[in-house]
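Chain nomenclature is as follows: A, B, C and D, assigned in order of appearance, with residue numbering initiated at 1 for each chain independently.
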């Protein structure tokens, strides 16, 4: 085994373009296999981050996605400048690099012909941080779901608030939760899917108050950072701390659903949540 | 001290009619002092059981109490007979002895001129057990409070369900809670005061779902009996287990109020809960 | 765990099993003997089960082979989606629940889980739920209300767990809260007592519009053993207590605590799982269809009156 | 904990204290000198406090002598009845609450408790609440809604407690739930940021109709130290971060995150507790009286629009 691993590593070093290294267990997996496995490590079941486009492809019926509010973009409400320069420049560079306007993409689409509204966060955009544009898009999509009485599904992936927007970022927590509360009141279903990682201000707002809270296996989910907690309580945290499995055990998740089963899961779930002629005979 | 105690005991033995022995700390207290202290031990603060009449005298404005549904009495729905004989006979004897029809007395009265509806359990009546008559009176008083939009206060003192009435006793839990739920829905205040002891079926129904849960100091409050729990978990329970203080710490009580302060407490509380011309100017 | 009063029946069943094994492969061998034994078994089981004492019924209700919630989920539900957690402290396995489809009716199913294997027994605490279980059940019922799904609750528990931590986390409050909330839930609630209806632990998810009971299930304010040890000062007097407490379905129907009895095949549900579950399914469907036609406000008022009338004897001022 | 930028002021104050002690008993001695020093102190404090940097304001907001919730309860409330418990797990002292009467208005008061003495600090975790605190607050707010009492929430926390058990019991969920529920609470909610408005721990009881802030209070998405250590990779750059984050009341008013600033006497609230609290009282009363005239549905819609508008720049499709 050691020999095989070594040899595989050597091969990987020789032809790096062919190999992907699992961020969790460091196994070397053929890029083709990695992609075919939906970026889930065949060795350790690590669910690697997806781009919003990959998520849409996995979740929605082919060609059914229509983006809404694509033009909503970042703002720089406090003209923020840190050690590395201005937020405005950083945001502009990010937008250009990954061709997104904000850390979330919203729109409508179908899951097995059932219309839904989705908001899909993308960690590549400043760590999926909750900026004013992010919050605005999540709220606007909720309002769209409310008007059209369609189930709303948010896929979270976020390091938390976007501190470059200061207090305005904090306010997005209240803003998005207010939008969800309106759905609750109107009986419009809202499902939260927490993917790796969902922490800080996003965990403490829309991501944990789904009618159902779903998570991908192994996803890191928590309010405070591991380091901050360890410094505060002066002790080491258990290895499984803040994993999806840990949250399930502590009562905060309804279910852990593997990536490959996610669409089927929603196809099975949605009929319980929506009124249709076929429903309840 | 030992000498004094001994001598006091001797005196008590000589003139037992003058002394009361605290059920908790076994201190010998002059009966006069015991009564003047509202049956609260001056040594250990043990709040001894009160009769319904004593409770009414302490809580309500003089002469304001009017009993309702006094005629509701015990029933023997399952013709229960145990080792010691029939429930019917036992109930009849109890009624005669303490001149009560059931383990609770209900009615209306005033606290500092504020009209309230009260239900006051009396442990002397078969351990304050929840029989069908008990449940019926608690429900009827709740309906009276609902019709008249008056705050409802229940003083609990009960060992739990009255097993002599079998399943009908269990049903009183659901029945009384349904009555309380109606008050909740209508915004009519309901306050629960848990006195020593409040356990079993009464703790698991109306007694723990007050808008506020109040308790007297040291009151035993719990679902399962101490012995049953110790047998189940095979370990000794802490001394303060299931005390009012313990429940406060665990989030199930709003406040512990000493007997002597109870009326003043409600006089202070009630204006927050009722609409009156003076209210919120 | 054999039931001693079933001894004559078990003898015949064992003999049938023997003959079947001996004759395996051969179709004709012992055929008539087996047929005759089966006829006999049926007749004996009818006789035994017609005359069960209350204490014997308690034992049948507790039989380890009686269908449990997981059997119902497997056999009479489709598209079951288990939902976890109380959103506060944990996920209790003593009560489980989730979306389910029963005969094309979408429902929220909740119920006690006793477990079959020893590991399962331990994991779900033999169906003795903790406060988390009751709080999870309430969360799911509120979700059902929002999605306009009827609630189906299967009762089978020795009682709520009497543990130190259960008390600390408010066993009493959790049950009481459910009693209050279920009385006002704006969606039909169908209760089926399938095995043991153990006291507060049972009624904690037992308030509803239709209260149905399997023939050999029991429902009681206290276990016969507990009652005997208090009132007879002798736990072994449980058979006397079981009789005195009136814990059987026929008595409960008379007392109007339940609305309907689902008959069990002779020999009990533990001998005819599939047949029993099918009967339960049909009864649930019937009640759901009836209750769905009632307007929510009326439903809640009727539910209130139903429980208010329990233990009301004679005319009362209201 | 002296504030270094207050040094000139503290010198004078110390000198005044000395003279007062020396001259005690005698009315005339040092009188003119003390008067002169007082005049000087006033002028210097005005000067210092007019030009506080954001980082200095952070230090003022954290000053140990600033009025805390218990001071407000003692000084501007009557008939306070503290209510305990989340009805689920415990009673957190990092957030306290209860019925209170403020200027004849009956309210439900909630707020962070930091504590004065070391024992108090430890008991209430320096105002860093656990999930139980947020859940208790929600329970009290729902009670206020039922009794038609306005909610007054006093914010003063370094943040929600980052502990192992806090995570286990759902710190994130508890805060999120409050955000959602407060946005729909059918009673007026008045928020006053009296000291530190620390991130999620602050907004967890900070959604309301009127958001008011004491002049030298701060409100931020992250502590300046935390921000500096992440974005400057150096915690000692907190003064820079404090400036960049725009945490002071004047900036927050411009951003429309708050509706009103309550001015503090020169020298800060820690020098003029009574005066500050009286100003807070009057402002609370004013807002309650205004909000009570708004119909509940309108109130909730306006509250929604208020938060929806935060971080909305330019015209958006809706």
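Just so it is clear, a residue touches a chain if its C-beta (ideal position, glycine included) is under 8 Å from a C-beta of that chain, and two chains touch if they have at least 3 such contacts.
On a predicted model such as this, the values are computed, not experimentally measured, just so you know.
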Chain located farthest away, centre of subunit A as origin (C-alpha): B
Chain centre separation (subunit B, subunit D; CA means) in Å: 41
Euclidean distance of C-alpha centroids - subunit C vs subunit D, Å: 54
Rounded Å distance between subunit A and subunit D, as computed from the means of their C-alpha atoms: 33
Touching two or more other chains - residue numbers and ranges from subunit C: 87-89, 169-170, 173, 177
Interface hub residues of subunit A, defined as touching at least two other chains: 184, 250-252
Touching pairs - complete list by chain label: A-C, A-D, B-C, B-D, C-D
Contact footprint of subunit D on subunit C as seen in their complex: 87-89, 135, 169-170, 173, 177
Contacting residues of subunit B [partner subunit D, same complex]: 184, 187, 189, 211-213, 248-255, 265, 268-269, 271-273, 275, 279-281
Of all residues in subunit D, those that touch subunit B in their complex: 79, 81-91, 99, 104-106, 132, 136, 143, 146-149, 292
Residues on subunit C engaged by subunit B in the complex (per definition of touch): 160-164, 166-173, 175-177, 179-181, 183-184, 199-200, 203-204, 206-207, 219-222, 227, 230-233, 237, 241, 244-247, 251-252, 255, 257, 303-304, 307-308, 310-313, 316-318
Subunit D-facing residues of subunit A, complex: 68-69, 72, 75, 77-78, 80-84, 131-133, 135-136, 139-140, 143, 161, 163, 165-175, 177-182, 184-185, 200-201, 203-209, 221-225, 228-229, 232-233, 235, 237, 241-242, 250-252
